[in-house]
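Two complexes are shown next, each including chain A; its partner changes from chain B in the first to chain C in the second.
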Partner chain A sequence: MVLALAKARPVWQIMFSTHHTDVGLLYLVFSLLAMFIGGAMAIALRVELFAPGIQLIEDSMSYNRLFTAHGTTMIFLFLLPSASAVGNYLVPIMVRYKDMAYPKLNAIAFWMIPPAAALVWLGMADFGWYANPPYSVISAPAPAAEMWIFGLKVLGVSSILSSVNFVVTILKCKHPDMSLGKVPLLAWSFLSSSIIVLAAMPTFAAALLMLLTDRLGATGFFNPAMGGDPIAYQHLFWFTFHPEVYVLVIPAIGMMYEIIPRFSRRPIFSHSSGVAAFVILSLVAFASWAHHMYATGMSFTEKTVFMIGTLAAVPASAMHVFNFLATMWNGRIKFATPMMWAVGGIALFFAAGAGGVVNSAMPLDFITHDSYWVVGHFHLFVFGTIAFGTIGFVYYLFPYITGRMYSEKWGIVHFILAFVGACITFFTQHILGLFGMPRRIYDYPEIDSWISMNALISVGAMIILVGMVIFLANMIYSTAKGKPANMEDPFGLGGKYYYPYAQRNPHH
Partner chain B sequence: MAHSNWAEWIYVAVVIALLTYVGAEAWNIENLIEHVPEDAEVIKVTAQQWFWSFEHEDGTKEVGELHLKKDHAYKFEIESKDVNHNFNIHEYVVLLDAVPGQINTVWFSPNEAGEFDIQCREYCGLIHYNMRATLIVEDVK
Partner chain C sequence: MSKIFHLSIIIATLCIIPTISLVFAAETTGEYLDRKAEIWNLFFRMMTVAFVVGGVIAGTMVWQVWRFRESNPKAKPTPYEEKGEL
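Moving on, here comes the complex of A and B:
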């Protein structure tokens, strides 16, 4: 298990390795790098919005390019690869197999990501992470748009390859003595999310090709001037990317299923309920895509269908929350850093879910649609829930990766700053949305409530920034100079609940 | 399994009951507000990068400003000449996409005189942030 950075190996050995923990480390380092790049972009956006008028960014085109790159980076280059990092480390060990099913394919899937990232970052497209036509067809500047399309194409293939690998590893390579019902919930989460990717991603792959040929003028799928329908793109896009939200959140919940029982020193309340909730979530993920499109002029019937489909996802999510709370109930909880991140993530998951019910109720959506409410809502999910679970898990894996212990004190300071910052930033964004501020705007008129709330949101973002700088310093310092971890029980929980260290796959 | 799961079943039942209530209320209210009054006057709204123009039933055209009468019902027929926009009068919860090649309709009836902001709420490019107009509701007896 341990990558043993203490025992120095040349970098190229890790880069050209196909061993699952090496590929996992590559995923992890790359995704954290992307998180800091995407975070820097977010800070630039928040500085610009701190007050009306020009603060930092000279023109609206640069601002539009930045928010597009921020969203694309965080979703495709931070959250997806960071989940793959965790899956690479633990899934083979959890199903008791020597590696991923296809180690070379695994390495290829990772190495497709950096070139795709280069396309996205060098191109800097300006149409938002959803590339909405006809804007993206007739108005978005080249070659940025083409580079974004190719980058996303490569990322889509990469995520299909890694999903195939997870599905085969879990279903075909698990130890013969281990029934599917006994597979740990973290591995179950990767099985669910990988199957969603396989079902959802081809649709977006098709939409991207159609977008590209539209831009070349060869076709007019989404261009009304050529008889096309821009709404068709939105259906294709959201058919992939609403399920994609579950692809992101399900592994984060899986990580919480790993952390919560260990730090509560109790077995999980109900393994079967967790499995059932994962299966239900992967099915209902496909029943709600058009709730992003109420305002496109959908009929009353369509809106009703997608409202029901959306509400159907809530009970399964609520089952996870119940499972976490019931596990912690009467547990001897140790609030070490990973546990604090997991518990904070669950709290914000609940808040995000409650806000989501508001969006899905048809009349209320027309208040919140395309306003800062939506920005606050999905950031509670992607940052408050998914990134919280992931960062908690990075702390949790840290001793296993490096053989050293991070600074517990600074880990907790990081958590507190991120949690307080997230509450200030994203709850205020909800309220700002209720006051009518549209999303994706470079500047705003001098409305008193907007000015004060934007300033507050920017302050919240700065608090998160301070936490993240502490995180970076803690990781770098502790990797080089941290105290050697007690590998039998790094968090002092009593070794009973630990298995990752005891099992490791030899390098090949 | 040693323990029973009755608590979880009750919890899930409560969640489903709450969601059913929210869904039913939403259905009810949406049904009510989508019913357009028959005497509603039609206003044609045209969105293009990056301004709004309006045409009244009597043929009067306005750009960047829309003059309406208090306590009258109006039905907006919204279309776009180039890319997607979103016609939004936040104070009156009027919000609908302007999509090229299709006409979307939404209605409202202003019950307060004064000036209100009209803005674009769907990203539409360079000047999206300043694609604004003013709704002026006049108190005409």
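Moving on, here comes the complex of A and C:
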């Protein structure tokens, strides 16, 4: 199919290429690098929280800088680029076009990311990945804050360029014989998420500009001392970033739609219900942003509207889960590594969704608000669902990219460690939140239940770390010395793939 | 299938209509408290349904994973394995 690495090529040839699989490979390598950097930051945070008192990080400011960089890295530099990697590899092939609609724009969109990452990593801002005013306007130290704002600005433009490319490629460049209803669900997931980005991202772009001019003293949009309203920033922020959750999860679900039918050896149960669920999720993504802000003094009416708007996502999410279950029914399921990640991701998606229902309900939200419950919920969703889908798909793409097979045994060990580690870490964080521990704190008092649960969470994080080290070693070793893959049927599933290896697009 | 779909929409609409009045702001303190209690009550019922359905689905998935795995002695080749497009 794509086979980017089978014949050795100079690195610069890949770096300066505009071919969709080369750009996809760049996205993939960069996103995995960012995942390991962001993961190392997470481990440092968990070592610090292992017990009360100073363990590793000397002061609260350094801790704040670290969790800001961790969140920004994982969301903007790992998850979004890894989705773009998959889209670049497969969307043109799925819609039977020679490349992305605008290949040069595609390469530019990728090359905007490393400088933005440098701004984020070298600046190390300390206001969290949401940069809430008034702290971010009045007190956050320069130039870290400005570097973060410029970095995010560049990443936002990159996302918009990438989304324009996906939308045009799917809607305008698909083969004339292919109706929109025949477009595979993975491509549909990119169409849905790209449209969400185009609708949501400009709002955050405006908010960042307002934040910058506020910091420069030219305006006072969010500065209470100048008559501004910090809550207005939260509205602008969450108008973009609640839909952004769907931007992250929809491609991951699309990836599961690729893996589950192949490894169940059955076609997707209902293509049309998958499309309908993507469209519904894209719409309701914009009906729920203020459920993040119940504690800001909103009226009862507003809270009720946003509670119902949030719960409206449940039927569409359930449609996906039913579709997966119905596809697996009567199949002959091969539990190779990609399938284990996909099924594990569905199980954790369900658990994370149940926690989301609790968060969205205003009576219960006041109990869990700003507690470790929220940290557990968010991470269960982002790691347990989105990263599980993505990592499973990396295993799935591996033979197509390298022409070799990864070690199946170590792939399964990686999955088991990640699944067990995720359950220990993120479920315990939920309970810790109910025991009252607030989020974003550098140290905590010596309360027995808090100490034992924090230690358990850190142990869970270490288990995930061991799995990720195995993943890295497996990828590097197998790329160089793995067994040559049978490119017609690398996973030994029988049948035919609908985008066989022979359909790869020639380089240009 | 489409009849079930349409029936589901009608039932869902009938369930939603009585709750719409809750959306509008309460004007007096007493009314506010009543509506807050109603929201709690509605949510409690929804959670009960959601967790029961969730438990059934999660159980179904665990059973499916065991029953339809390749190594199960009862596993049979699907019609799509040799001839169809997966």
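One rule holds in what follows: the second predicted complex is superposed on the first by the 501 of 508 C-alpha atoms of A that agree within 3 Å, B and C clash if a C-alpha of one lies under 4 Å from a C-alpha of the other, contacts with A are read in each partner's own complex, and residues count from 1 in each chain.
Here is the rule we go by: a contact is a pair of C-beta atoms (placed from the backbone, for glycine too) under 8 Å apart; a residue touches a chain by one contact, two chains touch by 3 or more.
Only a predicted model underlies this, so the values are computations on that prediction, with no experimental measurement involved.
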| item | value |
| --- | --- |
| Contacts of A:R215 with chain B and chain C, given as first, second, both or neither | neither |
| Chain B versus chain C as contact partner of A:P363, first or second or both or neither | both |
| Which superposed partner A:R265 touches (first chain B, second chain C, both, neither) | second |
| Partner with the higher number of touched chain A residues, chain C or chain B | B |
| Touched partner set for A:F300, first chain B, second chain C, both or neither | both |
| Partner chain(s) touched by A:R404 [first = chain B, second = chain C, both, neither] | neither |
| Touching partner for A:I308 - first (chain B), second (chain C), both, neither | both |
| Partner chain in contact with A:H377 - chain B first, chain C second, else both or neither | neither |
| Common interface residues of chain A - those touching chain B in one complex and chain C in the other | 300, 304, 307-308, 311, 314, 322, 357, 361-364 |
| Touch list for chain A against partner chain B, complex | 60-61, 64, 126-128, 132-135, 138-140, 224-225, 229-231, 269-270, 272-273, 295-297, 300, 303-304, 307-308, 311, 314-315, 318-319, 322-323, 326, 357, 360-364, 366-367, 369-371, 435-436, 438-445 |
| Of chain C, residues touching chain A in the complex | 22-26, 32, 35-36, 39-40, 43, 46-47, 50-51, 54, 57-58, 60-61, 64-65, 68-70, 75-78, 80-86 |
| Footprint of chain C on chain A - complex, ascending | 261-262, 264-267, 299-301, 304-305, 307-308, 311, 314, 321-322, 325, 328-335, 343, 346-347, 350, 354, 357-358, 361-364, 493-498 |
| Chain A-touching residues of chain B, taken from the complex the two chains share | 1, 3, 5, 7-8, 11-12, 15-16, 19, 22-23, 25-27, 29-31, 33-34, 49, 82-84, 86, 88, 90-91, 93, 95-97, 99-102, 104-105, 117, 119-130, 132 |
